[in-house]
Amino acid sequence: MIALQGKAAAVDRAQVEPPGGYILGAEFRLPMRVYYEDTDAGGIVYHANYLKFAERARTEMLRVVGVNQTNIRKDYDLLFAVRSCTVEYLRPAMLDDGIEVRTRVTRIGGASVEILQDVWRDDGCLAKLTVRIACLNSSGQRPMRMPQAVQAALKRFESETMATSVGGS
Amino acid sequence: MIALQGKAAAVDRAQVEPPGGYILGAEFRLPMRVYYEDTDAGGIVYHANYLKFAERARTEMLRVVGVNQTNIRKDYDLLFAVRSCTVEYLRPAMLDDGIEVRTRVTRIGGASVEILQDVWRDDGCLAKLTVRIACLNSSGQRPMRMPQAVQAALKRFESETMATSVGGS
Amino acid sequence: MIALQGKAAAVDRAQVEPPGGYILGAEFRLPMRVYYEDTDAGGIVYHANYLKFAERARTEMLRVVGVNQTNIRKDYDLLFAVRSCTVEYLRPAMLDDGIEVRTRVTRIGGASVEILQDVWRDDGCLAKLTVRIACLNSSGQRPMRMPQAVQAALKRFESETMATSVGGS
Amino acid sequence: MIALQGKAAAVDRAQVEPPGGYILGAEFRLPMRVYYEDTDAGGIVYHANYLKFAERARTEMLRVVGVNQTNIRKDYDLLFAVRSCTVEYLRPAMLDDGIEVRTRVTRIGGASVEILQDVWRDDGCLAKLTVRIACLNSSGQRPMRMPQAVQAALKRFESETMATSVGGS
């Protein structure tokens, strides 16, 4: 059960960048591990933490196409704010699980975006999130038109089919 | 600033396992990104979250040498509990930073381990943690001798030099 | 601005129980403070944390009518699980804000409950949550009929009017 | 086990302010409840969360003597930053526990403070924290002398006896 060789050797190399996920079709996928910090006394991932997982995935999705949220705040005086979020919990993730957040953009408006995010484990979909994001000026006071370049970046992940998801939700 | 080519292409591949860090000498290194969830209204990483980063790193360090905490609980009726923790905050990590937790074992006792963990950014060390871990039976009631195999796994990361760390702490 | 007298004196007394909120009509209200841990680098409460606030409020609502989740797990082999959650973010809460979660039950089914929760500050409603809770057996594997006593307790907070809430959501 | 009368009636009144703790001698005490969000899959409070509990208590301790951290940032261009923290974990807190953080100031320097914080449950002390706080200018770049009024406020909680604490720590 406990072996010093094998897997350890395989990762015995420098890895300068934090893990950034990958693209499959129009979908961005970010694998992650469930740690103690994510779980609760019910033995499962605490329900609010799926929103954290989803936000990590949106951040890396944007980075992978060159959009860094710190930079767009400086360059365009723009920030993204979550306007609404719906989560459907299908099955619980557990400690030590390897999970993956799969993200796609379903609607790109002038000053808002709608994003679908599914949390997967190898045995199926665990949770489904629909997140509406607004673009605001950096003080957060009023809506702001998304810069062309940000819209173009988001289009990389746009998908019209919402029907690929699990179940009748 | 925003480019659809380049980096995106580079990661355009399947990545089945969550990121697991790497070994350098006797040190285990886990790179990670700072997300919104980690920061606070001061604009920096909330101080308690360095303990989360450190725990992620200890978990992956054990996994890389084949020790899965869920399994050892089942196989040996054993769990690890943090007995004490000292954190020294040198410089704050910020949103979007790429950081790395560097972990080494400084003392392996019969039923306890002492671990040193430094959080690095490319411009230097941000925080230093000393964590004392106890092995308990799975109900958490009494100390338990570490199985031989777990001790052997931890020895992979044992290092006698505590003097490599930054500053006079 | 800084005064040693006054408010300090007013609270200079023993307070054995943690704060438990209060009932107004059919509504349960739990006041709380926004701390650094709740905020993010945007200077506002991190969006996932409204789900934590709401869960605290549901816990105290049940306690106030004698339902302790640890006990019902033991006595009835029952646990509550969040099935779905919708959050609408209207205005951000900020560091040091005094806020209040106002909770009412909108539907009590045989094995599920629907709960509406609004987060208020003195200048208005900040966020609105709709939470669907399922009753499961304690292993979380299958739905379970709510005990009569728990149903009765929930009825204390049942309200048919969903129309009191802010805006057109 | 489930009763609609009694405790519910007792709290059936408006409570405009969030709970703010109380003073006993030179000690500030903040009672709080352990919720699901605080626990982990080990069934106990996640070790990093004791730092959150302690920070809530320091915030309320300052508020009770009129020091509001948002205000001092504006008025004095000053912020408090945690420089180091040592936590000793004695016994775990569990879901639904009523706990209390007891805080006292052990050293007030020109630009720093040392604070001792114990987390109690009715059966004894669960954790002990020693926290060193620095006063910085609001950009966090350099140490700043504490204003007279803040020093005076902290003196309210100064205590020379560190020997009252549990155990040999």
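Each chain gets a letter, A, B, C and D, in the order it is written, and its residues are counted from 1.
Operating definition for what follows: a contact is a pair of C-beta atoms (placed from the backbone, for glycine too) under 8 Å apart; a residue touches a chain by one contact, two chains touch by 3 or more.
Everything quoted here is computed from the prediction, not taken from an experiment.
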item	value
Repeat of the B-D interface, chosen from A-D, B-C or A-C (over half of contact pairs identical by residue number)	A-C
Centroid-based (C-alpha) most distant chain relative to subunit A	D
Distance from the mean Cα position of subunit C to that of subunit A, given in whole angstrom	27
Distance from subunit C to subunit B - Cα centre to Cα centre, in angstrom	34
Centre-of-Cα separation between subunit B and subunit A, whole angstrom	23
Subunit D residues counted as touching two or more neighbouring chains	36-37, 42, 44, 48, 52, 55, 95
Residue numbers on subunit D that touch subunit C, as the complex places them	1-4, 6-8, 11-24, 29, 31-33, 35-37, 52, 55-56, 59-60, 64-71, 75, 95-96, 98-99, 149-150, 152-153, 156
Subunit B contact footprint on subunit C (complex, rising order)	36-37, 39-44, 46, 48, 94-95
Subunit B-facing residues of subunit D, complex	42, 44, 47-49, 51-52, 55, 79, 81-89, 92, 140
